[in-house]
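Okay, handing you the structure first.
Residue numbering begins at 1 within each chain, and the chains themselves are lettered A, B and C in the order written.
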Amino acid sequence: MSLIGKGILKGMGVTAKNFFQSYYRKERLPTVEYPEEKATINQFSRNFPFLLYDGDDPVDGMRCTACTLCERACPPQCIYIIKDKDENGKAILSPRIFDIDTSVCMSCQLCVEVCPYEAIRMDSAFELSNENRFEGLLLNREELLKPNAYYHEIHPLEARETDDRMAAKAALAEAKKKARQKRARLAAKNKPPPGLKKTPPTRKKPPQREKSE
Amino acid sequence: MSPVQTMPPRSYHIGKDDLGADILEVAMGPHHPSTHGVFRMDLKLDGETVVDLKPVFGYLHRNHEKIAEDITYPMSMPFTDRLDYLCGMTNNWAYALSAEKLIEIKVPERAEYIRVIVAELTRLVNHCLLIGFFVNDLGALGTPLLYALREREKILDLFEVLSGARMMVNYIRFGGVRCDPPDGWLKECQRIVDAFPAFLDEYETLLTENEIIIARAQNVGVVTREEAINFSLTGPMLRASGVNYDIRKVDRYGIYDRFDFKVPIGGHGDCYDRFMVRMLEMRQSVKILKQAIRDLPEGEIMGKAPKIFRPAPGEAYGRIEAPKGELGFYLISDGTPIPYRFKVRPPSFVNLTALRHMCLGHKVADAVIILGSIDIVLGEVDR
Amino acid sequence: MNSPDLSDQKAVDLSPEGTAKAGVILSSLVWIYNWSRSNSVWPLLFGWACCAIEMIGTAGSRHDIARFGAEVFRPSPRQSDLMIVSGTVTKKMAPQVVRIYNQMPEPKYVIAMGACAISGGPFKQGYNVLKGIDRYIPVDVYLPGCPPRPEALLHSLMTLQKQIKRQKSLGRTITNPAYGEGRRIYPVPELRGDDLFPPFNPEVWTPPAKNPNVEDGCPAGRKSV
């Protein structure tokens, strides 16, 4: 027959231990004084997407080409893109409108995974509480565009990897372009144009030819 | 003359007929602090004894299955996080498992090990938090729950480094996992796993011998072995009734056949056994975690998954031992990138069916802790 | 439905001219009053869905909402000042939410926590999901995120505290607890068939103007599926 109340006393011993150790052991008092101290986010945290641009001008350096892959991949359909058109009405590869509704976004990162141009990335900013339902929460293109330096600041590791990948891609594209120019020059040398000069077919063929090489 | 003296002398009778009292109907919920969300129990009470109980749910019916039948297979992955919002990782795994059965993707070794690690970490989160809620219902307001939340934050930090989010991880993909753990993650994981048994010791000293918990939870809400099988209960609820059935042992999905662990079994099937089974399961999870971290191989993390997920017409059912029981996803494909039928077999919904049986004859206050011991999450019950 | 006149003549405004007119004692009284009010916001203990877990996490020792005087989660709406709508409000649940809001005493505040409470969020396509709780009750602070981090909830609480400190607290204003007649009570919607009636409360919500950015009305992504 054990002492009645022994279990409760033991439990109280545990709480007392926790209480006294909270004065000198960090793991017993893990409180982060948030507004004064930095929040507990790390460089992998994600919250809402943003758009990246290179250089100084947000609109000119925009990486997005309005391919709408992210719009299709978004599970709650919170991305809205309209392609830009030049003055002749021809579509150009950049979005005129790029809206993300943060009041719908579920922070799933699927848009980042499908983007082939490394243009959309996840932001880790979370202090977004707002008193305006529509004006404050619907982010348009200008609010979404952020420089690459900001990306390096919030996700240093990921940004470095992205830059390396983009540099490799650019080098490859450069090499391909050079090879194509060389071929064109060689073709021009071997066959002086008798008058019929068709560039479109040669432009279409290179991908197939490169594969065979 | 004071009003007390004017009242007629009272007389007390024992027995329903003498009092002539009617049955009292109480709607408990959907706004009630102990119903773990938006759940309602329509109770019929004779005095304080429960004579009938009708669970009413659907207050959080978010059309998960219907939405999933409208979007492509990979797009449903973040929605599965929101099913049982305490255990995002296991939900992801169950869905990935059934999709992998549908199209037969080979998962690389390293990804399998990472899946085991995150799933067992999820089990730790779920069980220590659930025990906090359970004793909260018993009247231990705050303190055990605060300790559980303190440990949970450490594991959520691990998840955040790994996947970017604390709860809605969206980490496991068809054929592997999304990204490799960054440098130092495993070391940190090892440190937390090594320190966890100390917390469990403390938690057990705090709770298991407590006379109030013993008096309130033992012999309350008993489900016998046969009844548990008939109710098709799964998970810790089934094992607390003495049935040795763990899908990790029975199905051996993933690589669970490589680990050495035991399945804790209860003998009485009451609330206290369900609480103790979870307590002991955490110890086994720590054991699995230690083995998995030790054996984690190098290599690829993604198998050869097709770019566009378009399975051949057919069906698949993948199930895992989620912290709450058997979580299964049943998919029917008609050859398009969108599932024809998407069905979730939620463990807490099926376990909830035993609630009426367990509560009958007990007091109202016991109904609260019986509900707490089932371990329901309304996102999963209502979907 | 007795919505009081917020632009009452007797109310004290906190602009520099107003405080100068009202006198130093009165204005500092208002300041102390609002300061103490904003630092003892008692939330309602009620979790809807996923965000509720983060709300409980905020009450935990890591984030410790007690530092803001808001740790007293009251299970009864009669004792609470703040309703944190933490999760998806379905059509079955919406009447109860409005009813609980009606039971809260003035001054009362609402934080719509998470995407689901603001707009239906990821589940907005669902037939049973209310597209934003602000259709039936006035929301003071919107907190986007799915789910928002506990720090984000603390930030929204700070936003609310700033808002409270700006308010008029004397005279026949709604934010004066002594002024008992002006409790905001809104009609409880009714679930008829498969939709709520009325679809929204015109007193607190008006359908938004057409988004100037949207051209054809339907995002392109849906068409391909």
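Operating definition for what follows: a residue touches a chain if its C-beta (ideal position, glycine included) is under 8 Å from a C-beta of that chain, and two chains touch if they have at least 3 such contacts.
Because the structure is a prediction, the values reported are computed rather than measured.
In terms of inter-chain touching, the protein chains here all touch one another pairwise.
Comparing chain pairs B-C and A-C, the larger number of C-beta contacts belongs to A-C. Per-chain CA centroids place chain A at a distance of 32 Å from chain C. Across the assembly, chain A contributes 30, 40-41, 75, 106-107 as residues in contact with two or more other chains. In chain B, the positions touching at least two other chains are 71, 78-79, 150, 153, 168.
Within chain C, contacts with two or more other chains are made by residues 61-62, 122-123, 125, 146, 149, 225. Note for the complex: chain A touches chain B at residues 4-8, 10-11, 13-15, 17-18, 30, 40-42, 44-46, 73, 75, 106-110, 113, 122, 157. If you check the complex, the residues on chain C that touch chain A are 61-64, 67, 111, 115, 118-125, 132, 134, 139-146, 148-149, 151-152, 154-156, 158-159, 163, 208, 211, 213-215, 219-222, 224-225.
For chain A in complex with chain C, the residues that touch the partner chain are 29-35, 39-41, 47-48, 68, 71-72, 74-77, 79-82, 97, 99, 101-107, 126-134, 136-138, 140.
Touching chain C in their complex are the following residues of chain B: 30-33, 37-38, 58-64, 66-67, 70-72, 78-79, 82, 85-86, 145-146, 149-150, 152-153, 166-168, 338, 378-379. The touching residues of chain C, when paired with chain B in their complex, are 45-50, 52-54, 56-57, 59-62, 75, 77, 87-88, 90, 92-93, 96, 100, 122-123, 125-129, 146-147, 149, 225.
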